[in-house]
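Chain naming follows the written order as A, B, C and D, and within any one chain the residues start at number 1.
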Amino acid sequence: MNFTTKLRMAGVAALLTSTLLSNAALAEGETIKIGVLHSLSGTMAISETTLKDTMLMLIEQQNAKGGILGKKLEAVVVDPASDWPLFAEKARELLTVDKVDVMFGCWTSVSRKSVLPVIEELNGLLFYPVQYEGEESSKNVFYTGAAPNQQAIPATDYFLEELGVQKFALLGTDYVYPRTTNKILEAYLKSKGIPESDIFINYTPFGHSDWSKIVADVVALGADGKKVGVISTINGDANIGFYKELAAAGISADDIPVVAFSVGEEELSGLDTSNLVGHLAAWNYFQSADAPANAEFIKEWKAFAGEKRVTNDPMEATYIGFNMWVKAVEKAGTTDVDAVSAAIIGETFPNLTGGTAEMLPNHHLSKPVLIGEIQADGQFDIVSQTEPVPGDAWTDFLPESKVLEADWKDLNCGMYNTDTKTCVQMKSNY
Amino acid sequence: MTGMIHDASSMNALLEVTSVSVSFDGFRAINNLSFQIGGHELRAIIGPNGAGKTTFMDIVTGKTRPDSGRVRFGEQSLDLLKLRESDIARAGIGRKFQRPTVFEAQSVFDNLLMALKKDRSPFAVLRHRTGAEDRTRIEEIAAEVGLAEQLHRRSGELSHGQKQWLEIGMLLAQDPKLLLVDEPAAGMTLGEREHTTDLLKAAARTRAVIVVEHDMEFVRRLDCQVTVLHEGSVLAEGSLDHVTANPDVIDVYLGR
Amino acid sequence: MVPLMLRHCLVLIATLVLLSPVKAQDSDLQMLLQANRAAIEKASRSTIEPVLDALVASKLPSVSSFLEKWREKEVWQRKDDGRFFFARPADGGQYMLIDIATGAEAGLADKSAIDQLKPNSGVRAVIASTLVEFQLSDPDPLRRTEALTALERDANESHLEPLRGAIESETDPALKARKIRLERLITIRFGSDAARRAEAIRSFAGDLGVDARGALNPLVATTPGFAEDLPAGVNVARMLTPGKSIDLDTAYGMLVDADKAPRVVSTEARKQALIAHMADGQVGGIPVASLDTQEARDRAYMALVADGRVPPLITLEMKQAEVARYRFYEAYAETDPTLTEAAEDTLSSISLQVGFNRFLDLVLDGLSLASIYFLAAIGLAITFGVMGVINMAHGEFIMIGAYTGYVVQQFIPNYTASILLALPLAFAVAFLAGVALERLVIRHLAHRPLETLLATFGISIALQQIAKNIFGTQARPLTSPAWLDGAWVLNDVVSISYIRIAIFVLALVFLVLLLFILNRTRLGLEVRAVTQNPRMASSMGINPDRINMLTFGLGSGIAGIAGVAIGLFAKVTSELGSGYIVQSFMTVVVGGVGNIWGTLAGASMIGSLQKAIEFFNPSNTLAAQTYMIIFIIVFIQFRPKGIIALKGRAAGD
Amino acid sequence: MERSFLIRQPSVLVFLGLLALFTIGATVLSDGYGLGLMSTSFVKILGKTLCLCLVAIAMDLVWGYCGILSLGHFAFFGLGGYMIGMWLMWARTKDIVIASMATAELPATAGEIREAIGTQIFGVVGGSRIPAIWAFADSLAIQLILVLLVPGLLALVFGWLAFRSRVTGVYLSILTQAMTLALSLYLFQNDSGLRGNNGLSGLQNIPGLTDLSQSVISIWFLWASALALALGYLGTAWVVSGKFGHVIRAIRDDEARIRFLGYSVEAYKLVVFVLSALIAAVAGALYYPQAGIINPAEVAPIASIYLAVWVAIGGRGRIYGAVIGAALVSLLSSWFTGGQAPDIPLGFYTVRWVDWWQVLLGLGFVLVTLYAPRGIGGMFDRLFRKDVS
């Protein structure tokens, strides 16, 4: 190409352009392209790499089954490097340069918020596999992780009813998910008759390691004779220091139980759990779930990624999301975003824990909520499993959100005010 | 008190240092030193190593703050101890360091340009345009110090002696009332020394010049009043012949 | 408590009635369980109590052992007939079932044919509390301890008498003391004799235990109330003056809640009222289109009020008038004033003690944090302070140390041995890495400190990524030996974990060791010589290159050891070190460069100050860190050379 | 600015010419205005790269020319972004709110609109009260002034404190790093009123221009960034070419000596520091609408260290060096993280660029500092036998 040759002479920038150009030319191939938008470097790589591997495994399996609609699947893996603006940049690149048909990705809310305007503008499709704070429903996103009512609220109920907790310490890493979740929980607890003075809230930075004072503060909460429980939205590495300090302080789960929303098998593999036995986590999936589909999934995962690897909730969410998308594409006979989006609502797929997940009109799943106690081997002992709970995009426990509803089937609106009967906005406010 | 010899100019001294002391980590570098110099005078300061010559200059130029004493300068009797280095320099005291310190990355012209007596505030400098007047002045000074040919060379490329001259040139460009010169002749060839002596003598016609020097030959050539420092105080003052005849001085230089 | 007892009796009767249809060969226990099968299968704290009461009331001998096994999750249920068994694993993935009453083997079963009962911790706590009466006088001291632990967590009125009965016969003095203390605690909460309760209350004066405060605080808990005249029998804690000790709005709200005053019309309610009374494009004579200011809306609403179509607004005066008709007070839930008075007295004596001890605890926390900062920064103090080298890869040496510890643990499963080996090994590995860095990079950048900063930053990102490539992105476990588990507990307020103590000791050891090396050894002498005057030193036969290499290795090696220590109490990831680098630099700079004492001072100041800020702002640790850094920035302005300033080359002149 | 200045600085003309060519070329190739051969995402990358070049120039001014190694310049860059981001979010949300309230029974009051905006913007971080710092968010003009004022004031106060007490060299570097760390920690708190970790997002949607496609807007921003870069380059070149430039280089080379010439080093440093902070702020204000989101991680210390590294790689003390360094490293990063670089199978191990590119980058820094202390710009100079100080 003469044109390209000229460009090459213009230097590095042009060289890059030409690469992009040639890629763009190839994009109309015979494969269905799947964008994988997970950080492979930076702070979030710790969690997100696993999901990238899960996607690669699922795609490989689907190809072994013959692909979809007679076409092979091709993964386009990019690395947004835990850099939030880079998520938007990479998403745009995936949609316009690589021309992917669907994207699976993001972990943190801020990365999703970064990507949202881009996919809404370009009418892309994103499956988001992580539990999050809710308060969002985009036409172009399917949320296969838990909304607060599928994780935080049932866990709090468990605390109130099963453990008789009367005083709550809400400990979180200082970012959006804990903040919003705690705000919802605060409102929920007050509605359950817990006075404000019995709710202690603390926020720590990412990767916090100096927990002794906070643990001491929590212990001191017990001084008015009420049973104290900790609801932890502590993220990532910081958990390790927290649990170590908890164990060192000799606090057993029977004294002060901790229920965590961000601690799964993967996080526990980073520490010695013998002192943490009995503390809790709430998820929609545990590796220990006793179901044939799960056993099969774990076997395949270990064969793909290695014997020592564990499975976790976001992996199941990815798995369900991927399979639902496959079914929807087959049903629609095309990968066209609007057709697939319409086809996927009401679609069902078996959970790994038994039962069936259903995609709701608000782009969330209905899934059972599981509560597990940590065991000495780093796995969870499931002590409670609910019937499938429909994910709620807008929580019922905050006055502003109570009146809001998302429905992409009939109302065709992600933020519908049931009081005024108006669609507040078509596109998300990020 | 030593240093009882006063010449006529001391009545209206340009620089008046009174009972200054300073110590570093217990070592008394300057010990109750008093010193005066008039408006148009050439003065040499000699003394063995560690006599406090450089510290004395540091105090006058504001680099070191004395523990006690007074330093007054100029007609308004400015209290130098209250001023910062740059203010002191602007008040009219120029200093040449022992090792030539010119801005080696920049040209001779630029070095002189920076030294030229002008408004030194950042915004004035930002607006500065180098006019014909400035060029003429710089060329004059360059000619005076013998660097007319070198004006557009990088000063880092100059020989050692040329750097010394450039530095003297920079002092002249500042047009100070008082010049402090630290060992100007160090490392110079004989011819260069003569030229330097002439420069300093010429400079002292319109301003006060204090030369710190080791080299007795050079001091003799300067042909001026001499102050001998020892252990941070003035040991003797007067003509070179006078002080070299002083038994104390002989003792210090030759004795121990 | 009477209705509860009644309920229990009813359950028991119901169970007995249900007994007959169960198969004849079943033991009484099995029958009883089958009768309550649903409640046991889906055990919940709120529903399990009647079942437990029935079991206890049955007085069957095997009840206590069944409860214990149940609590330990050792009870299984056969799926086909729902019968309960104990089980132990047998060959071929099968389980040997054991009869719950006789302990006899009852045949093999496939794992898929049986379900394990997994009572959650709430249920387990209830079971434990039920077990208390069986265990209080058990000959096995372990069981007695268990019972006491259960009582400490959750006791009720019914435990008081058995506990009192079990004190006399107790032989173990420690357990006896625990029982006596518990007896007093439970007396405070459930005792029936006021004098005895008051005595128990007073006996806890100055006691720091959380349990003591836990028993006393409920006694002095108050609820606000109001009345036209103070009713008799209310134990008033204090009177409330509306507008002063109680908010006027809160007070008025109490009246509204009790239907004693009309509800305040909120802005939103007024808006709804306007919408409801819209007619012909206007409300109250004002066109709807012009209702786009609050002021216009208020006018429209007042017009509606004038027409009597909406409730009037409640003005401040009206609120005040209403509130003035009542007296507001805070009342104790406990009606006996002698008890509340005793509790208040005791608590005030405790709170003074608690305050002091909390301060002590804060000091310990501060010391601990300081020792961690010190360990992290001390290596830097050597390389930066003594050599003037800015090593941005210092954090990565810490990381190298931590990963070394992790690798050692992969080969040596004994945690004590592996830590003891890991410490010198981490030093050695980091030392070598440091020497390599010094020889390959830093030596060539002598006297260009800002450029060493950039080059070592490059090394830092490369090392981090290499660690990621080798060890993966997941955090790796670095487990401390069992003897470092737990905490040194002075009382319920002051405690510090053994790991932190170990780190503190390690920091002290290094302080002494380094002071020794620098001040008393040949190497130290040479280091100081090179620091002060390299040219002179080399003319005296000291090889400055060698000294720089060793110094740098020493600093890096110590960072490696710090890595093991930090890994023990936090986490091992590739980003472990980068979290400490800025803090370490600040520690060194604040303390004063080139001086180990300075680093100590810097670490102490930063550590204790951070804890102090956290103390005043306990809900936001992030803010504490922010203020800390701002403080450091300001501090440096006033002491640019740090707390302990040095002169000479190291001071950066 | 007179003719003689440009004649004495031929490199400035060359650079401006190349920049114009580049911008026109990109426009011609773009989706929005041209042949459609260059994707919008790439145009955005180019636009952002220009902004990074501009902040690199600011860094070069303060470090390369004046010798102050600031490791906190992204604080100013980020603050510039935040200030413009506040208006972008506010105005966009206001449009949405007014549109959704248009159908309500009663016309909305100003208070209701404010409240609804608050809920929309802060609902996501669990709040609805509008923090005081958003007082002027409604006014583009004021926020534009704040783009300069806030970072400028921070630089002024910080610089005044630091230079007055003569904190220099490495100490100053660490202090500037602490400054940006404190800022990022502060912004991380939800209580900061700037939406905590989520930051300000959706900034690419320009209020009032919602009908325009991003392919067009991206070109506008490319031009705006190019213009800003051109002005920044020109301005910086002018500043450093005159007597002021000589003085600040003299400060870099020998601070004490220039002091004895009567120059107040502190005042000069402060002027340079603030000036460079202002340039950085402008760059940030142009960068983030293209990036779409700004959050506290952007002002974390590491970003500023990278900035120093770009300048070092490009060659400090030469303005084009800063531009080369910033453009090269950021475009390379973008390429390597894009998954476009092919993996290298070695049989026993597959070298994947996502895994190894950071290692290469790091070692690259080391090699450049060791063997090419004048950076790529220095090699340029040698090529053209030019003697640059």
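In the analysis below, contacts are C-beta pairs under 8 Å (C-beta built on N, C-alpha and C of every residue); 3 or more make two chains touch, one makes a residue touch a chain.
Values in this document were obtained by computation on a predicted structure and should not be read as measured data.
Looking at which of B-D and A-C shares more C-beta pairs in contact, the answer is the pair A-C. Put simply, the chain farthest from chain C by mean CA position is B.
Here the CA centre of chain B is 68 Å from the CA centre of chain C.
Here the spacing of chain B and chain D, counted between their Cα centres, is 47 Å. Annotation: 26 Å between the Cα-based centres of chain A and chain C. With centres set at the average Cα position, the gap from chain A to chain D is 32 Å.
Residues of chain A in contact with at least two other chains: 41, 174, 203, 205.
Residue numbers of chain C whose C-beta contacts span two or more other chains: 465, 468, 620, 622, 625.
Listed by chain label, the pairs that touch are A-C, A-D, B-D, C-D. Those residues of chain C lying in contact with chain A across their complex are 44-46, 73, 118, 120-125, 153, 210, 213-218, 221, 358, 361-362, 365, 368-369, 372, 465, 468, 472-477, 479, 485-487, 489, 492-493, 495-500, 566, 569-573, 575, 579, 611, 614-615, 618-622, 625. Per the touch definition, chain C reaches chain D in the complex via residues 271, 274-275, 278, 288-294, 297, 384, 390, 392, 441, 444-445, 448-455, 457-466, 468-469, 578, 582, 585-586, 589, 620, 622-623, 625-626, 629-630, 632-634, 636-638, 640, 652. Residue ranges of chain D in contact with chain A, taken from their complex: 22, 25, 29, 37-42, 44-46, 48-49, 93, 96, 99-100, 103-104, 119-121, 123-128, 185, 188-190, 196-199, 201-202, 204-205, 214, 288, 291-295, 297-298, 327-328, 331-332, 334-335, 337-340, 354-355, 358. Taken together, the chain D residues at the contact with chain C in this complex read 69, 105-111, 158, 161-162, 164-171, 173-175, 177-179, 181-182, 185-186, 188-189, 191, 301-302, 305, 308-309, 312, 355-356, 358-366, 369-370, 373. Against chain D, the residues of chain B that register as touching in their complex are 61, 63, 84-87, 89-90, 94-95, 97, 101, 103-106, 110, 113-115, 120-123, 125-126, 128-130, 154, 170, 174.
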